[in-house]
């Protein structure tokens, strides 16, 4: 068994790191990364991100972000993200959700690329020279039928937080099959969980259907409420007050620095760890 | 008989009316993205009204935590669209122009040097694949409804050789309803909400559009619809938008 | 709720029908189809088949079979299949397992095609003019890098047998995610189940992860032991004696006709139905 | 010390020896297809031996009903190979020729007008993607080991421009072990099982191959290996091949 800090220690400067949306995020590890001062991450958001990307950008950890969007949802825009993109402090690779999924699925299958409809005429194509326009080889009667080919996207590391793992190292992900896609596409998968259960969930037909086999998992750490202040579906909701407090503070650079000092650099990893 | 209602409620009512039928007969499936409480409520209103008539409409609301509105994982809604199994979807934009181009990304030189918004999300795919995409905005002003968007997250129309079973259907704002003519690549003013006029619409709209000589006034919801909206629909939408359900629809 | 015969009645002559491997097969419906004398099926095996394809071919129901293989597993070759292919009585579209999966996944995503490595130099490519060789648009430095493009495969009907459904029409498939792929790729999905349970499995995080939502299902019938004599994983094994009896009888045309008369045309749909 | 054993047990022992190390250091993952009891047993023997040394080797056996040997759905094993996460796989064939082309389909004009077998299964993909594919047959005769296959389910070698991280590694038969030289596109006789000779191999092999002047005799398993094979391995492989486990390995 690993600690949250040990998980964070496996993520080096410059890593191409895949993170998931705005829930089931390994936020304890994310805080540990900011505290350690990891640099130059290439963040792959599957297919978007919220407070997790925002915090890593606020902490100065990100060189490049590949995403279909970053926002704090109902709470509003992501201020550090918006400032960093406007100023050019980070490089952004804008995409659209199904393109990022398709790119990960290409890596999952060992394909060099995946075709995808849509995108033609979107400014995204102009900003992504790595997305190529090809002809549909199955167009009827040799008709002109352009379609976008997306390169496979294989992150070096996938990182997320799940409800539980078992002693055999399998991880239960519930209704979030994208987490399995991330584990398949990435070279290495790091996971925190609410709990470690005895036994082997793969022997249980009901649990096994929503499990990632241990074979795909490089390291697991127990981190109760490890997704806080983001939600873990079926377990806890987001901590809206904490997120609003952050959003209000981060409106200015000074406010953000004070928030980081109080909440990251001088604070424990999570409320549970403080107990 | 109509009764007083909020603008948001009027918008929900109008959208639901648009979706009473589908692109190929009955409406089967309505999808709603993030940050879309009005469309989400409209989808649920459509669903509840259809249910009263014994018909089942599937509603998928990205981010909704409860059955039967949540999606089967994040990939599913896009695959659904690719399969032709999604009839309606909604898009907004920090800018929407007269050719129904949508900008969710920002203002100024790319990647948004003047203002940077969240990003294009699923728009660059769903706008092509969903037969009827309904645009919406809460800011009907020349700032949002512009002549030409600074960045095209997703284009309103495509060249003939581009595979595109879907596209824009209508644009609903707090002031009026536009329908989109894909052949002409132009909006047509369809109805004006109470309190607005042809002139006030023209004044606040940054793009050129067609309008009939007599533009009808938007029909307000009747008491039964409002009761449904403030009751069952409000309770349901709270699963994704608790604040909206409480503040706008008055849910407990 | 439907009957097994009502499910079979939804499958017309000539239908492009997807079936699954050698387990979780809707065998009650298959027998009903043979009994009714359905004709000219285009059978899509996902990605292979066993006794189910063999029986439909033996019954004269199949015009075309698209498959990576048909065998009775440890019991031996599939005699009616082998005879029908040798004599040209049925048309075979030979493939390889991941190609059929990739073709279904292309249909699932609304893509016109899917790329796949391998296949180049296999005789399969020579016999499948619908598989095309294209250039990998992401080959380095414009290097010659051929790759196979496979057309999307959208069956008209997917048919299988699952452990249970619920009153809301959702179907639980357990550890067989390919069944969900079939439902997504096909225009219409028909299912038989061991049992119908009260309530809505989608409200249960654990069950929901392995469920196909009712939205994808056109019709469900209860058919206890409906996969017999094939196995339903986690519920019952195959009936090896019954399969061996078939294999022995089907070695000759006369033996096969006698077996069909005794076991299909003059017999009930399943042992349970006979009780 | 070696003890008498069945030919199948010898084959299992030899295959396991081949897999003690992987293409890039330690063996991580061995996959076995349908109708492969000997390879499946070899994979399990490799796994049990590694476990005794404190190392974990993943074994996936298509059709195995029990943990930890079953796959995560039917697509997973192919995706695993595509990801480079599968080190070894096994293929047999109704015909195997001197260039390691494999025919699983039939004899005569396509689609098998003289004899029609089951089909090519996953061979046309896995033979390309898995670094070390071990071929096996129980029929070492000129009928099976032919000069040229009637149909290429999967080719032994590919032109230089074809993406191919994988391919044939060895061929095990009841008479001998061949290793495959990918550069030369030829088999080389590596060892001869007890009771066979260089001449008997030549007599029963339909293709040309290389052979050293002195071909070693295949090393038989020691008593500990046989005990492991007839004990834990037999019990484990029974989950996929109960008849084989009972008849060949003597499992209860």
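Just so it is clear, A, B, C and D label the chains in written order, and each chain counts residues from 1 on its own.
In this text, a contact is a pair of C-beta atoms (placed from the backbone, for glycine too) under 8 Å apart; a residue touches a chain by one contact, two chains touch by 3 or more.
Everything numeric here is computed off the predicted structure, so don't read it as measured data.
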{"item": "C-D against A-D, pair bridged by the larger set of C-beta contacts", "value": "C-D"}
{"item": "Greatest separation from subunit D - chain, by CA centre", "value": "B"}
{"item": "Centre-of-Cα separation between subunit D and subunit C, whole angstrom", "value": "29"}
{"item": "Mean-CA-position distance for subunit D and subunit B (Å)", "value": "59"}
{"item": "Averaged-CA centre spacing for the pair subunit D and subunit A, given as whole angstrom", "value": "40"}
{"item": "Whole-Å separation of chain centres (CA-atom averages), subunit A against subunit C", "value": "36"}
{"item": "Where subunit B touches two or more other chains, by residue", "value": "72, 78, 82, 129, 163"}
{"item": "Residues within subunit C bordering two or more other chains", "value": "98, 109-112, 116-117, 136, 145, 147, 175, 177, 208, 233"}
{"item": "Inter-chain touch pairs (all)", "value": "A-B, A-C, A-D, B-C, C-D"}
{"item": "Parts of subunit D lying in touch with subunit C, wherever the complex brings them together", "value": "34-35, 63, 65, 70, 72-75, 78, 82, 104-106, 110-129, 151-155, 158-159, 161-163, 241, 243"}
{"item": "Subunit C partner contacts - residues on subunit B that touch it in the complex", "value": "29, 58, 66-68, 72, 78-79, 81-85, 129, 163"}
{"item": "For the subunit C and subunit D complex, residues of the former touching the latter", "value": "21, 47-48, 67-71, 73-74, 77-78, 81-82, 85-86, 92, 94-99, 101, 116-124, 126-127, 136, 143-147, 175-178, 181, 233"}
{"item": "Partner subunit A, residues of subunit C touching it in the complex", "value": "98, 102, 105, 109-117, 132, 134, 136-139, 145, 147, 149, 151, 173-175, 177, 205-210, 233-234"}
{"item": "Subunit A to subunit D touching residues, read off their complex", "value": "107-111, 168, 184-185, 200, 202-203, 213, 215"}
